[in-house]
Amino acid sequence: MSLRILAEPIVRAALLEDLGRAGDITTDAVVAADAEIDAAIAARQPGCLAGLDVALMAFELLDPSLELTRLCDDGARVERGQKVARIRGRARPVLAAERTALNLLCRLSGVATATRQLADAIGNHKAKIVCTRKTTPGLRILEKEAVRLGGGANHRFGLDDAMLIKDNHVAMAGGVRPALQRAKAAAGHLVKIELEVDTLDQLAEALDEGIDAVLLDNMDPPTLRLAVEMVAGRAITEASGRITRETVPTIAAAGVDLISSGWITHSAPILDLGLDTD
Amino acid sequence: MSLRILAEPIVRAALLEDLGRAGDITTDAVVAADAEIDAAIAARQPGCLAGLDVALMAFELLDPSLELTRLCDDGARVERGQKVARIRGRARPVLAAERTALNLLCRLSGVATATRQLADAIGNHKAKIVCTRKTTPGLRILEKEAVRLGGGANHRFGLDDAMLIKDNHVAMAGGVRPALQRAKAAAGHLVKIELEVDTLDQLAEALDEGIDAVLLDNMDPPTLRLAVEMVAGRAITEASGRITRETVPTIAAAGVDLISSGWITHSAPILDLGLDTD
Amino acid sequence: MSLRILAEPIVRAALLEDLGRAGDITTDAVVAADAEIDAAIAARQPGCLAGLDVALMAFELLDPSLELTRLCDDGARVERGQKVARIRGRARPVLAAERTALNLLCRLSGVATATRQLADAIGNHKAKIVCTRKTTPGLRILEKEAVRLGGGANHRFGLDDAMLIKDNHVAMAGGVRPALQRAKAAAGHLVKIELEVDTLDQLAEALDEGIDAVLLDNMDPPTLRLAVEMVAGRAITEASGRITRETVPTIAAAGVDLISSGWITHSAPILDLGLDTD
Amino acid sequence: MSLRILAEPIVRAALLEDLGRAGDITTDAVVAADAEIDAAIAARQPGCLAGLDVALMAFELLDPSLELTRLCDDGARVERGQKVARIRGRARPVLAAERTALNLLCRLSGVATATRQLADAIGNHKAKIVCTRKTTPGLRILEKEAVRLGGGANHRFGLDDAMLIKDNHVAMAGGVRPALQRAKAAAGHLVKIELEVDTLDQLAEALDEGIDAVLLDNMDPPTLRLAVEMVAGRAITEASGRITRETVPTIAAAGVDLISSGWITHSAPILDLGLDTD
Amino acid sequence: MSLRILAEPIVRAALLEDLGRAGDITTDAVVAADAEIDAAIAARQPGCLAGLDVALMAFELLDPSLELTRLCDDGARVERGQKVARIRGRARPVLAAERTALNLLCRLSGVATATRQLADAIGNHKAKIVCTRKTTPGLRILEKEAVRLGGGANHRFGLDDAMLIKDNHVAMAGGVRPALQRAKAAAGHLVKIELEVDTLDQLAEALDEGIDAVLLDNMDPPTLRLAVEMVAGRAITEASGRITRETVPTIAAAGVDLISSGWITHSAPILDLGLDTD
Amino acid sequence: MSLRILAEPIVRAALLEDLGRAGDITTDAVVAADAEIDAAIAARQPGCLAGLDVALMAFELLDPSLELTRLCDDGARVERGQKVARIRGRARPVLAAERTALNLLCRLSGVATATRQLADAIGNHKAKIVCTRKTTPGLRILEKEAVRLGGGANHRFGLDDAMLIKDNHVAMAGGVRPALQRAKAAAGHLVKIELEVDTLDQLAEALDEGIDAVLLDNMDPPTLRLAVEMVAGRAITEASGRITRETVPTIAAAGVDLISSGWITHSAPILDLGLDTD
């Protein structure tokens, strides 16, 4: 995170969750208080790095005297075996913080790696991968950053920073037009409005009313292509639904601006990194 | 969670993360304040349910007057399309809590489903699947429960409720024997001690010294079988490393008591559930 | 607030700030534990009401058994002497919560009243009064709502929900054009961009580059009128600087969409309301 | 604040309120990570400074490496254009903290300036201006200090550090005498008791019973003078009600010890200060 | 506590400290989810009851559906075997909350009982037992109330609600007179000032300067008597040092107003109470 | 505490409890802002030191520039008059933190001293003194460490880190055997199980079922000896009930492994230490 004040509470809470009441009783029993360690965090598989700042913060919060050296930037592609950071100093806090640091680092690097995979699948098309609000409860700001580091862009950060009118909203408002009119009447002048459309008829109605962005949900590529033509640059186009590395090229080829994936935050496997001592 | 006092802070924080400062500005703009909704949470794919309590708590925290009906127990296997809960009442809080509730429910059901898959792969062998500390930061107590609901058992909840002497500890203590001796000298009488062994020699040393449990890390099935024979019931045996649905049967057949998997908590895909309105 | 979960922590903290360690020692000493009270909150001067929900929450948090009756809606104009709520029940919690409730109610009604005064000064022009980020630390979400209740609209809620490129940003980026280009490259697709311009040359540059909204800072009415003509509907226009009830009509007549005032949140006097007992 | 441990939570919460989830997205997009700034906080109008410590703390909390130089003491009178502090270092945290720092500084300096105006109006009379509990929720300890810096004195900090028997208490206790007797019976030996009196008869009764201080509420100057004569030094006298710069001299001339004003904390306009870059 | 809003955070934190991450794993394993219990809290020795409200709150926080019946008032003397409350309902939350409830109840009743013992030792003398700031960190407001329930009175609640000038302050100020003068100059009009004196000379100086209360520290009874005569009603007199049930009568006989004891809060043994099931 | 991250919240809360809203108003009034102090913490009676780390943290939290020197290790026996730490620097924070630091230090040293007394009474027997969950709410982790420093060992830290089946559990499960069977079925592989037995019949049943530890509650020494013989090393034996310095030798002589005392945490008098200035 660019701002430590935002990320530190998350890392602190993660440490306390693992330390419990009594702390690392194994290390306190087995490792001498003055023992020193020289360790490195290394990738066990190739991928895209994210979360190194918060991982190192876990070590620092337990012992500010540890010597922490970044060997790699967040966002970089790492190879199997590549060392991404070095940690030197008292062994006890290093071992006590290890799991918390790695839990954060591997998860966030997993998000970045998954995003990178989808982003790479786009090829030369203009589309960008965007995330959703299907993030891990408590970790949203970190996962949003991991998406950016993996080459994606961010959708809304929450319910309050933009309007996204979904099918339920349309149904309860009695149609696309009244939904949009109510939204515009209430929106502040710096609030953008996006609307989910399931059919080209809905799309026509939305464009007629005027809209910042349209979410083209679960449309097949030919329909997507028609939608993009209908929009003709009057709104940002976002495709969603059944987004995989396999479907991304075709969807991107339909000409949409954005392809949104919940998978990159809710189901991406971790990137395996570990702590090595010499 | 059996105790609401433990789970509520997690759910509350998840809601606040999504609501931000201004709350659900789309719903407040588009849906009338007195509009009512009759909705159901339904499975979009088969799996094992977990987290329904905390998901429903998200709705209740936004509006205690909502009528919430469980149609399924946590731990149950659900079919595609099966409704697991019904939510009736004011539409605004239902739509505002929807994503938070589903984020928790889908993730926890994903953990339970992954656990259930590994547990089912054990067949008639006595082994049990156990989780690790490779959990999502902030969600450990919920994920540990999801593992139990999926037919697994829980390992340590943190660094302080049992001793697990790992390879780094052994190295820093100067061997298995001194590590174990220090651990025993420091452990309270209700603290169990487990030791990670990489070789049968280390195992012999540990058994000679006396130990509650041994973590047999990354051993191939024949070695595992030899290890189980050496232990001969004197300690609990846990196998770890390269645990997949494919490897579980062979590992279980080696006779170990426990098979531990980080994957079920760090990389399990979500179970897809959604909110349907009629 | 539409959502109690957002406002309650503010009210609770305000109560605890006043109760200190020992609570209302005067009331506990002088008023019998079983004494009852029948009180009303009444306006001591005419104005626009805001904050009644949070004021009543203060009483409820101290004693959920109190009978609280709204006699007036937030946003309504109140006359001198008009009762806006009735509070019946145990006297001790009513007296203990009185000051906290009134501190919130009078301040928020003061914001709404000030906004209403500026909004009324606009007359038939299309302009709307908008607030700024010059709010009371800790009370922003409540003051933003008070602005809406007073007939105004909300600007950004914080630094993260829209981009507002100010003179310092322009200077550090090396001009309007590079500033805007960097902003667009970084902005998510649901993030609007506004730019502060001090001259018509800057405005031309911004319009040429494309922009959602322009902040016309401290321009005199003739210049404002020229600016509005230059914009010609291609962006939202916001005037700021020296906004008073006297200057608003002329500024609104220049044709701007928005007139932003820091005064309505940072310097509006309270609306005097008090607790009467019969 | 003399003690950082008391003020820091307020400043931190104010920063987080403004930064939201994603932080200062404009600055992060437009200003280079390594850009430096040399800025000064300067007064835009004359007044009395308060809150410089907490304003600078806002910058420090975002970046401890910033070079912060006080050019003026809290409590000092400042002229229009006078620089009160200099801030040098990385531009991003300076711009991100600017609004929070100024919101605190301008508001607290507004309180100090308003207090100073009333205090100056007292002239050679012995009276002192005191504040009330009509402070901004969440900012009481800072506003109380601002009052002192502006030449005023502090009344109670809350409901628990002294007894103030108001008209409602008297009514519920059945008169001045029983109210005072109950208060004395319950008060610890280091708790002072003040009583609000509306008539000279009530005052006589209170003096007869013995009292530390009397609040002479809404009495006209001749009555105030009579009250002071009746008290004859046996209690501290405090006048309240309709306190303005115009009425203060006459009220002070009546000989009271204290003149309490809610206006200095609940309705004082801010003192305008801003951040200048060179 | 008269106000639940003040006490609940303490009780909640105490429960969480005991429940840890996983809650009461014994009860969850051994006792059926639908098992019911009918239990009573009973005194195992005679004493003075305090803390029943917070003890019952521990049960209620775990399960609001429990039926809780007070059989005794806080402040009452209880006999060995006397039941003070009845708890009926689901067994699991009762057993999970038992220890937390009893830890609070036994400790606070211990404070009340110790206070009562000293208070009873005063006999017919006018002196009152007062507590000090030597309380248990985190429990001060509860212990202060327990002192009142045991027949004692409260001293300061903290460093901020009255001035107590101690020997260190006197030494650093350069004597009793300058210390008192500085204190008076800074004290708000509702702040009382007490001064610790070690000699009659210091006492004379303090009385000459004027003072609300004097702390006569570690004086023998004859000196105390002389001090009380010197004071002659011009200040409240408080004796401290070597206060035990044996010394109290003689100290009280010296005519002091207050006798302060740290022992009643820092070293009083608990009053033994337990949970009985039928 | 070995880990500052665990102890600091307790110390910070204790400081805030004492400082209240306005801080140390006596010291701020009487002692000059630039006054320096050279102070020492000294024992007023012999005992076993514990809590020096957290006591010094109280000073450091108020002023990180204070020079703090440990003259004694936690766990050491101290003589009357012995200095255990030196504090040099600005006088105001030293005086403001004094009581909080001493409240923690004296209480924790009291726990360590009481533990040491019981531990010394064991003589050459193998038994160890262990604590219970009858600790001060909020201070458990500090008191558990004080017990270790006093020569004792720790029992469970809470309800979740081991199973202790008590008489109520046995009764509700329908006997020792079903209780134990349910416990074993639910317990994770690193969770130990202890059972409270009141009779030798119950003990026989527990041993027959297999058990990690038995709590022999309120048995007289001859019965204890029989119990130890029955156990014959198959489980850890813990004696509880009526544990005093006088009874410990006889109980230890019965051959038990552990003797648990609630008194050392719930009723131990403080060890008197104070702050001396030169």
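Letters A, B, C, D, E and F name the chains as they come in the text, with residue numbers starting at 1 for each one.
To be clear about the criterion, a residue touches a chain if its C-beta (ideal position, glycine included) is under 8 Å from a C-beta of that chain, and two chains touch if they have at least 3 such contacts.
A quick note: this is a predicted structure, and the numbers were derived from the prediction, not measured.
Common neighbours of chain E and chain F, by the contact definition above: A, B, C, D. Here chain A and chain B face each other with the same set of residues for the most part; over half of the interface numbers are shared between them.
Sharing over half of its contact pairs with E-F by residue number, the repeated interface among A-E, A-B or B-D is A-B. Centre-to-centre separation between chain A and chain F, using Cα means, comes to 45 Å.
The mean-CA centres of chain C and chain D are about 22 angstrom from one another, to the nearest whole unit.
Annotation: 33 Å between the Cα-based centres of chain D and chain E. Within chain D, residues 17, 19-24, 28, 96, 140, 154, 157-158, 160-161, 164, 191 each touch two or more of the remaining chains. The part of chain E that touches chain D in the complex is made up of residues 130, 153-157, 160-162, 164, 188-192, 194, 212-213, 236, 238, 257-258.
Taken together, the chain C residues at the contact with chain E in this complex read 12, 15-16, 19-24, 28, 61-62, 92-93, 96. Against chain B, in their complex, chain C makes its touches with residues 1-3, 5-6, 140-141, 144, 154, 157-158, 161.
Interface residues of chain C facing chain D in the complex, by the touch rule stated above, are 10, 13-14, 17-32, 35, 37, 91, 95-96, 99-100, 102-104, 106-107, 110, 133-140, 157-161, 163-166, 168-169, 171-173, 179, 182-183, 185-187, 191, 263, 266-270, 275, 277. For chain C in complex with chain F, the residues that touch the partner chain are 17, 20-21.
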